[in-house]
Amino acid sequence: MTHPSEQSPPPGIRARLHEIIFEAETPAGKAFDVALLWAILLSVLAVMLESVAPIRAQYGQVIRVAEWVFTVLFTVEYMLRLFSVSRPWLYARSFYGLVDLLAILPSYVSLMLPGAQSLLVVRILRLLRIFRVLKLVSFLGQAEVLLTALRASRQKITVFLLAVLSTVVIMGSVMYLVEGEANGFDSIPRGMYWAIVTMTTVGFGDITPKTVPGQFIASALMILGYGVIAVPTGIVSVELAAATRQGINPEACPGCGAEGHDVDAVHCKFCGTRL
Amino acid sequence: MTHPSEQSPPPGIRARLHEIIFEAETPAGKAFDVALLWAILLSVLAVMLESVAPIRAQYGQVIRVAEWVFTVLFTVEYMLRLFSVSRPWLYARSFYGLVDLLAILPSYVSLMLPGAQSLLVVRILRLLRIFRVLKLVSFLGQAEVLLTALRASRQKITVFLLAVLSTVVIMGSVMYLVEGEANGFDSIPRGMYWAIVTMTTVGFGDITPKTVPGQFIASALMILGYGVIAVPTGIVSVELAAATRQGINPEACPGCGAEGHDVDAVHCKFCGTRL
Amino acid sequence: MTHPSEQSPPPGIRARLHEIIFEAETPAGKAFDVALLWAILLSVLAVMLESVAPIRAQYGQVIRVAEWVFTVLFTVEYMLRLFSVSRPWLYARSFYGLVDLLAILPSYVSLMLPGAQSLLVVRILRLLRIFRVLKLVSFLGQAEVLLTALRASRQKITVFLLAVLSTVVIMGSVMYLVEGEANGFDSIPRGMYWAIVTMTTVGFGDITPKTVPGQFIASALMILGYGVIAVPTGIVSVELAAATRQGINPEACPGCGAEGHDVDAVHCKFCGTRL
Amino acid sequence: MTHPSEQSPPPGIRARLHEIIFEAETPAGKAFDVALLWAILLSVLAVMLESVAPIRAQYGQVIRVAEWVFTVLFTVEYMLRLFSVSRPWLYARSFYGLVDLLAILPSYVSLMLPGAQSLLVVRILRLLRIFRVLKLVSFLGQAEVLLTALRASRQKITVFLLAVLSTVVIMGSVMYLVEGEANGFDSIPRGMYWAIVTMTTVGFGDITPKTVPGQFIASALMILGYGVIAVPTGIVSVELAAATRQGINPEACPGCGAEGHDVDAVHCKFCGTRL
């Protein structure tokens, strides 16, 4: 699978290819991105449809052919990417490089190991390649604000999750004691699964308390979960408000170059220079 | 169905009709709106009740008669609307024009195609006509603030939905692999349906994980969904706060330039200058 | 049931009784409130326990006796209230007056109409009397802030509920068409019930979509409901923030007496007087 | 179980032990905390796994041995704690002292009372010891902000919970009347359990309304619960915003008196005065 022309391409072709494949400023680059987006979506759709028994029975042949067309296309694309970057090995080991490889590898492996059908589901990870394409468009700014808010609330959310998980462990054990195996709570992990289902207000109903004390404890847990959902929401709201406000003032201090001033700031809060 | 008098109505009648049918300032216009509101609500109720088998068996005749009374009333109203606007074709192609047509068409079509009973359910869209009536009342301002907030958070919500949908696709595939057909996860789309049911904390319980690894992955997904619901709430809160603030007062103080005054403020709250 | 001494009580006794029964400033008034609170809670507990078949079988006699003790106590209290207010008829027709009457009436009626057992459940409304007692304590301020926020967001929440209900009607009709009677969607109202169960993320699972298009539509509705829950939360957060902020500044303008100034206000926003 | 050397330890050893066991500033103290954290997590995992029947059948012996190793370790640690503090009795009666005792007691009691197997589940409370270790690390500040917000909103949340519980009692009674025993609502407490399951949007589906009026009332309750969840979220958001703001900077500018500066601010952002 070594590319023969990799040793000596005219530098112009390499740069041009890089521009088309990795950038989106030129019309060719944009067209490439749009085509790639469709190829990814269609190939993910093919993987999904192949898993549906009646569709596989009727259109299995068509889907397999489409699948190989996408695999060959993505293989060519992967090689072009390797070829157009100046340090191929660095790209191959990067996150997107690995996702690009994972998008084509299962098809080839399934040729050699005919039994490894379940491996084909790994191809669904091609979906992650969408983010590579989207990375280049205007949504990035919004995603950045969201990520800043989530990053800023990371510690608070950890504390919150720790409290939730402790409640889950203790409540799961209590219900294992109170309800017992006869009512489906046949181990502490099963009780914890039930506690998570209940506290997150999902409530599948596959395991439910049958005894009166069990239903009483469950009621308390539900009201707790109902009130507790307010905490992450409050955390994210506050951080998001901060991130949005910050995002509004993009200018740096003319005196010391510091950024991140509030919108209503008249003087730099670090050096006192008038903004 | 051409209206004979459409060519030469005295302009006074046309303007008067327009005022009654499209506006709500005059007593006659208000009375028309209230009557229309009741007619819409009653006709929607009739469509609902007709779908209930025991009621259809006993009161079918009454409902069918009421249905035709409403259809004739709405037909007359539709013609008057066509007649009273200066450019009928533009009205007929507008959103509300189409809704008005959809409100009467199914009844007539069902006369010609007696088999198309299911078409009659389309009449439920008459409900949308309510918004035409409400468009004229004071709730509009509040709806505007809500819509402004939603519009402003459109991009953030798109990013959020993209992340949710990717999680759904990948989690649905993982559960299809882990649980398999025996436990109800018989295809990737079915797994995705389950992932949406779980992540949105709806939790029907029609498909639930039975294996230990499946329940472990489900627990992780539930806690993720529980935490992630905080994100849209945070987004909307922040934008709604901004929209409310904006909607309230956009002008700065002529004295000190401070902003953010209440709508009812006469003097600047910082320097006392008259606004 | 006329009170013979109603015509001529010494005014001192009347005023003293009013102070004890209706106020909570004096030690006697506080003791009365605490005793009333316990009587209400215990009588509500008795109504609850009487509805549990095994408990009724074993302790039925005890509960019935306790029930009559509470009924007589509340009857005496009701008469004392009638007696101690200056305009008994106005009190009897007020909200709390009716609740006080409802708390004792079912027991007497069940004596005359022995079959009206289900009427006894009405006694659970005694619970509402708790709010009469709590009205007098310090929680009132907090409840006021909450109510102010809810009142301020009333219009926005109405617009929101209108949008939710329209979605419910249309989605319920669509599912009635798509899934049909065979899958439990046997009428439009049933479909609407399902749509509410789904959109509010309750998800009982008593009715679930079985067909592929039905599950697809359900998925869309769930994601919509998941996102839409952000709206009332945002509304209440914003209004609550406003109500809390308002609540912080209790002082009136020395110039014009207007209230409701922001905490950071230096001048009255109406007349410009320095605060 | 008295420690013979408790009467006369060299004060240096005692102080050194206290530093290692109770503090986390020294390398030895940090190493002790990390080791303790792992011991707690592993012993909790052992309790969990022992409750799973197949694992108990196969690895029961290993788990029991591990269990006793942890018990002996925690016993030694408990004694060292008693020994290293200056007032052992005060420590023994403190919250963490009791948790430390509860972590080792069940194992010894189960030796004497062989039937008390269910007592062993109490060992899961060892999990609470994690918070002792975490108390010493940097997450504390974040937890403090969260707790401040929850404390500040305590009264509002009490009012909210009171309203929710009253709704639950009344709705549970109404459904007991409307649906009756035949549909699973066999007592008022059962109806209240259902009302909590529904209003918190958990929706197990173990009890569901079957009659038309029951489904109508349930729909109203669901929409109420859906809207009402906005209230605690709003409360916590507002208080969290206040706590975050407070936690950040309480001091006013010496120049102009403006407040609300960031923690990292050196100059006032309004007038430029050095803070």
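Labels for the chains are A, B, C and D, by order of writing; each one numbers its residues from 1.
Here, contacts are C-beta pairs under 8 Å (C-beta built on N, C-alpha and C of every residue); 3 or more make two chains touch, one makes a residue touch a chain.
In UniProt terms the chains read A, B, C, D = Ion transporter.
Remember, it's a predicted structure, so these values are computed and weren't measured experimentally.
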* Chains touching both subunit A and subunit C -> B, D
* Structure fact -> If you tally C-beta contacts across B-D and across A-D, the winner is A-D
* So what's the Cα centroid distance for subunit A and subunit D, whole Å? -> 30
* Quick one: subunit B and subunit D, Cα centre-to-centre, how many Å? -> 42
* Distance between chain centroids, defined by C-alpha means - subunit A, subunit B (Å) -> 31
* **Where subunit D touches two or more other chains, by residue** => 189, 192, 201-205, 229, 233, 235, 237, 241
* **Touching residues on subunit D, where the partner in the complex is subunit C** => 155-156, 158-160, 162, 166, 169-170, 173, 176-177, 186-189, 192, 198, 201-205, 208, 212, 215-216, 218-219, 222-223, 225-227, 229-231, 233-235, 237-238, 241-242
* To do: Note which residues of subunit C are touching subunit A in the complex, please.
  => 201-205, 233, 237
* Please name which positions on subunit C make contact with subunit D in the complex. => 44, 47-48, 51-53, 118, 121, 124-125, 127-128, 130-131, 134, 138-139, 142-143, 145-146, 149-150, 157, 161, 164, 189-190, 192-193, 196-197, 199-206, 229, 232-233, 235-237, 239-241, 244
